[in-house]
Amino acid sequence: MSEVFDILISASFWAAVLRIASPLILATMGELICERAGVLNLGIEGIMVIGAFTGWMAVYLGLPLWGGVATAMAAGMLFGLLHSTLTVPFGLSQHVVGLGVTLLATSTAYFTYRLMLPEVTSPPKIEPFQPLHIPGLSDLPWLGEALSQTALTWAAFAVAGLVAFTLYRTPLGLAVRAVGENPAAVEAQGLSVTGLRMGAVIVGSGLMAVGGAFLTLSAFSSFFFEMVNGRGWICVALVVFGAWRPGKAVLGAILFAAFDALQIRLQQTDLGAVLPYQLFLALPFILSILALILMSRRAEVPAALMVPYNKGER
Amino acid sequence: MRLEPIANPSAVRRLGLPVLALLATLGVAMALATIAGANPLAVLGQIATGALGSRLAILETLNRATPLIFTGLAVAVAFRAKLWNIGAEAQLYAGAIVAVLLGTGALGSPMVLPVSALAAMLAGAMLLLGPVLLKTRLGVDEVVTTLLLNFIMLLFVSYLLEGPMKDPMGMGWPKSPALTPEARLPRIVEGLRLHWGFALAIIAAVIVWVMQTRTALGFEIRAVGQNPEAARFAGMPVNAVLLKTALLSGGLAALAGWSEVAGLKGHLSQDLSPGFGYTGIIVAMLALLHPLAVVVTAVFVAGIFVGSDAMSRAADVPTYIADMLLATALLFMVLAILLTKVRVVRG
Amino acid sequence: MTQGHFTVSRRGLLIGGTAAGIAANLPLQAFAQDPIKMAGIYTVPVEQQWVSRIHIAAEALKAAGTVDYTYTENVANTDYPRVMREYCEAGVKLIVGEIFGAEAEAREVCAEYPDVAFLLGSSFMPDPDAHPNLAVFDNYIQDAAYLSGIVAGGMTQGNIGMVGGFPIPEVNRLMNAFMAGVREVKPDTKFQVSFIGSWFDPPKAKETAFAMIDGGADLMYAERFGVSDAAKERGVLAIGNVIDTQPDYPDTVITSALWHFEPTLNKAVEMVLAGSFGAANYGTYSYMIAGGCSLAPLGTFEDKVPSEIKALVAEKEAAIRAGSFIVTIDDNEPKSS
Amino acid sequence: MTRETEAEVVLRLDRITKRFGALTANDAVSLTLRRGEVIALLGENGAGKTTLMNILFGHYVADAGGVEVFGAALPAGNPKAALAAGVGMVHQHFTLAGNLTVLENITLGTESLWSRGTAGAREKVERLSRDFGLAVHPDAKVARLSVGERQRVEILKALYRDARILILDEPTAVLTPQEAEALFATLRKATALGLSILFISHKLHEVMAIADRCVVLRHGRVVGEVDTHATNTAALAALMVGGELSLPRAEARAAGPVLMTLDAVSTPDRGATPGLKAVTLDLRAGQITGLAGVSGNGQTALAEIVGGLALPSAGRVMLQDTPIARWSPGEALARGVARVPEDRHHQGSIADFDLTENAVELARRAGLRGKDYQGLRRPVPRTRDAHSPSVRREHAEADPRPRDGVRPAYHSGKSAGPRT
């Protein structure tokens, strides 16, 4: 166990945790916004793929890094528009549309990639975000190393703060929380249920795409097929894990990342020699389920989640 | 805008809109082919030929539809009770594991096929039982638990195939030993891949249909799905109904894995299913959760994929076009099906 | 980026030596004939290192006019036999691919289409009686991996990190040969081995590599994309695998164990042209002796690798080429030590 | 009540017509409301009252006709415009978000979504709740409020937006008599301050107590408009149903044997709702036992025990002197205990099922199980296509006739009691 303790107190471990958590935080915030407005967005996995692809491709074609982030966001919002058009005014099954959007976004990214780069055998690299040097902070002994992160990681945490602030401190956030709970209440107060829900899904999808772009613009420097590798589905779980609250969801993402970073390191310990590596890989998923069980009684599910709203029907 | 139900949709509407959705998909196919530098007109024929143009094509389409019928039924049964089982993928693998456990010599008798099929169903059922118990007892959201179990299951399969279930004769490749000949489902057409699993899937669809429309359990499942509160007040054991639904749904999904192993592959590997569990959700929803329609939509989904995939080779465009067209067809089709029943009105 | 496959493969041929050169030239002499219709069927995108070597060799023959090559990538194993049949029905004469995950079914297809030549990556031996038209191959580049291990042994202080995708024979065999090479120089080297459970998750591979570097590794065996990036960021060294990655990481990647598929493919095409394609094990065409693998030039590290190590590499390479030294093929999953 | 017939007209509905498929919910309905006036809109369920209000408030768009507020035409289908024009609506089914506080529900939509929110909202809410006698804590979560409190929030929502016209859709249906009285006090304060009120109801004594004028709807048409002081309940009832109504007469009769006994029954508390504390009660044959009390004081727990949904944590339940051991809704039904739930939409019927299926539920519970399901299907025509809200309500309320051999032990969709 002392090995585990040594890992847990090392600054490089916490630096890894923050890196691994960043894309999850971004995409989880995106999913959280959608679900708070009452729409389950299973398009997340594909939207992360399209974000990873377009963000990277934009930078490869000459845009600055933040231009890549903006491109990814725009691409994500486009698929968010598709998702929300089908699920909100038309009220189609959010499961089916979500899975359809994932399939469409993923295959669109791959198809476009192959059309644009038919002849390469390893994807070109871009110059990704580098860890920021923050005067004072970066020179601190332990903290400096743990907080040696790229601008996009800092942005992820800022986004989480912004989402929390907007949800709980602004009229917009109030409306979003209300529309996921009782759309009739929103309509009765003269607000557009359709507008709020579509807006939430579009903005949320934009954030998911930025989460995907983190992988190609910060965590790594080029795009690979299948590199999103189920991270979107994890974010769906993290939203539930966080009881639909941004703060708790960020904690969940950090916890998940910590287990991921830990399992990578544990594989090298005596424990890792005996136990199959699949157990370590499964650990974050198993713990998510355990956490769900532990907090099941306290969660406040948005009451109108997955319930389409048709004007006048009550 | 508001959606208003149409009391008696005309035949033109009911048939025309899905046809329109199909045509729109073909339009997208032509556009994509043009972008990729292929002949847009040739593409249409290539999709049709690829899906239905030869005995090989038809049998391959039906073959790919087989697991989708099972997973589609599994989802249809569960969703009917508003039990959001997103875990058909995991249940599929549970069935596949059982097919290997019992089919590689553990059972030698002629009983091996029925016994392993039932055991597979039991395994899939048990796998879904956990999340449903968590739902009914503790209120844990089953969308997330079933989704997460998919990943845990895949890792478990990976562990099995690299550990206890690894084929000693497999040259180190992570796969299970091959099933004994008597544990295999025979082919329907010798030399081609279509096997009796397809026939079983159709039979399963009929059985589920009869169950849903003609039995008390089917009635209870629908009642619980429509209004669990009312069902509870009417004296239905809602949780027990959910559990029965879970057993049935998990069992059906497991049969998909069982039939893929016993009928098609003859062994278990990590990539047994290219997402059949997830596609099953699409199949079920396209079928409006009707068990017989699941057969049709499974063949439709398989046909779109097989046809588009074949077209990608014939037209020399990236193979990913197949998934794009499948997704497009799906989204157009769910919208078309909705619009056969409602009209968009102002206010 | 557009320094496409050609540069890489030409370099491979040059270093690979005369055997590869001859094998590569042979089919080119037959360009007077119509090109052979050839199809590649891959279960992963062609960016995957292993498949990229096949793809490059095929594209080279296509450019030379010897074959008319098309391919389908990312084919699920479930769909693999169908795609084989579709190509066979379309009149393809030579199919190249990988059937590790669809052995039984793929062999059935081979039996159904006796006129088509199949050159397929497989863990099993060919069967001349059942499938006279199926030849098998695999990336048996343990020779080069072993030599890269010697180089690594000379450059590490005794702690090496190894990040793999899945512990399958194609990966294990190279890792084991590499480890044997390291131990040749530094027997008490500590190895950290991890599998990330994916072929395509560079961020995860990178994190795993970071963890190993935190754990003291001063040299990374880069089986996956992402590992060299971690090594570069942390200023440790790396050894490449299957493809040459030094141009991307000039100060990080010392050398790579390269796989050259050209001898394997060229031999097959030659046999098809001659009408004498038959069941055979083409795995040996990946051996160094056949020009199927090589150690990438040290390049930027030419002056940094100790001369006694370079001498040892040269000595072992000569012995391998002479057939007096055989690198053991060990397909078991490597473990951390 | 003083009537100011000469006061300005604040609201004018002009020949409003609305059809849902074949059903005409409103047929050229016209109505005029003046400043400080209370109009009662009367009619049976399905007469078109709620549809009319939904059109007025912009949830529906009328097929013909128009609405004028303070002399200006109200754009159709736009709740925002109605709110801005000073129309406030208290829906029969509350439109409150349970996860939000009272204050949040009230301010929802009143500020620009892109602003940071305005200060002073709390003060205004507190002032309004004082002025109109609407006691409710601004920071309480709505999910934890009683029905009466929720209604106060609904009224506060309208007042907060400075509504000049208040529409109340069956406001007393969910209230205790005390709560209803408090509501009327609030409404009187409102009219005294110059607000106008449109009051939808079918409880005639309330209408007589509060309204200045009554407009009666039947089958979507206005069938009468009378001054309250010039009419009586019998006349109004006749107008509503379109004929004389003979009221049932209750005759005193001797109580029969005890059928069910609750003996010192207790249940655990549920959050803020207290459980039962050693309640003892006999239910006798031939006798109606009424249970009075403000909602949220154990009625639900009692109903659940009687209906088989729960067992007491202490005490005994006996059926004909036999203590019950196994107890479930199915068991209760089988032993002849039927329950008509409070909320027929959520607990009583399955709206997407046809009548047969809702009736079969009944049959099944009476012990027939699935084997006779097919036999039962034949007699009642399917009515599944009925999806418009009003049609749906009708079919939830229609009376599924018991078939031969079926004991009508349970009726899943009937709403409570006679209406007048």
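For reference, chains read A, B, C and D in written order, and residue numbers begin at 1 within each chain.
To be clear about the criterion, a residue touches a chain if its C-beta (ideal position, glycine included) is under 8 Å from a C-beta of that chain, and two chains touch if they have at least 3 such contacts.
Keep in mind it's a predicted model, so treat the numbers as computed, not measured.
Common partners of chain C and chain D, by the touch rule above, are A, B. The most distant chain from chain B is D, comparing centres defined as mean Cα coordinates.
As a whole-number value, the distance joining the C-alpha centres of chain A and chain B reads 28 Å. Chain B and chain C, compared by their mean Cα positions, are separated by 37 Å.
With centres defined as mean CA coordinates, chain D is found 44 Å away from chain B.
In chain A, 110, 278, 281, 311-312 are the positions where the chain touches two or more neighbouring chains simultaneously.
With touch defined as above, residues shared between interfaces to two or more other chains in chain C number as follows: 74, 197. Touching two or more other chains at once are residues 60 of chain D.
The touch graph of the protein chains shown belongs to none of the named shapes. The chain pairs satisfying the stated touch condition come to A-B, A-C, A-D, B-C, B-D.
Residues 54, 57, 59-60, 79-80, 82-84, 89, 91, 93, 95-100, 104-105, 107-117, 157, 389 of chain D are the ones touching chain A in the complex. On chain C, the positions that touch chain A within their shared complex are 1-2, 4-5, 8, 44-47, 49, 52, 55-56, 59, 74, 192-195, 197-204, 206-208, 210-212, 214-215, 225-226, 229, 243, 248, 335-336. Interface residues of chain B facing chain D in the complex, by the touch rule stated above, are 4-5, 7-8, 214-217, 219, 222-223, 226-227, 229-237, 346-347. Put simply, chain A touches chain D in their complex at residues 169-172, 174-175, 177-178, 181-182, 184-191, 300, 302-303, 311-314. Partner chain C is touched in their complex by these residues of chain B: 50, 54, 56, 60, 63-64, 155, 158, 162, 170-175, 178, 191, 193, 260, 264-267, 269, 271-274, 306, 309-310, 312-314, 316, 319-320.
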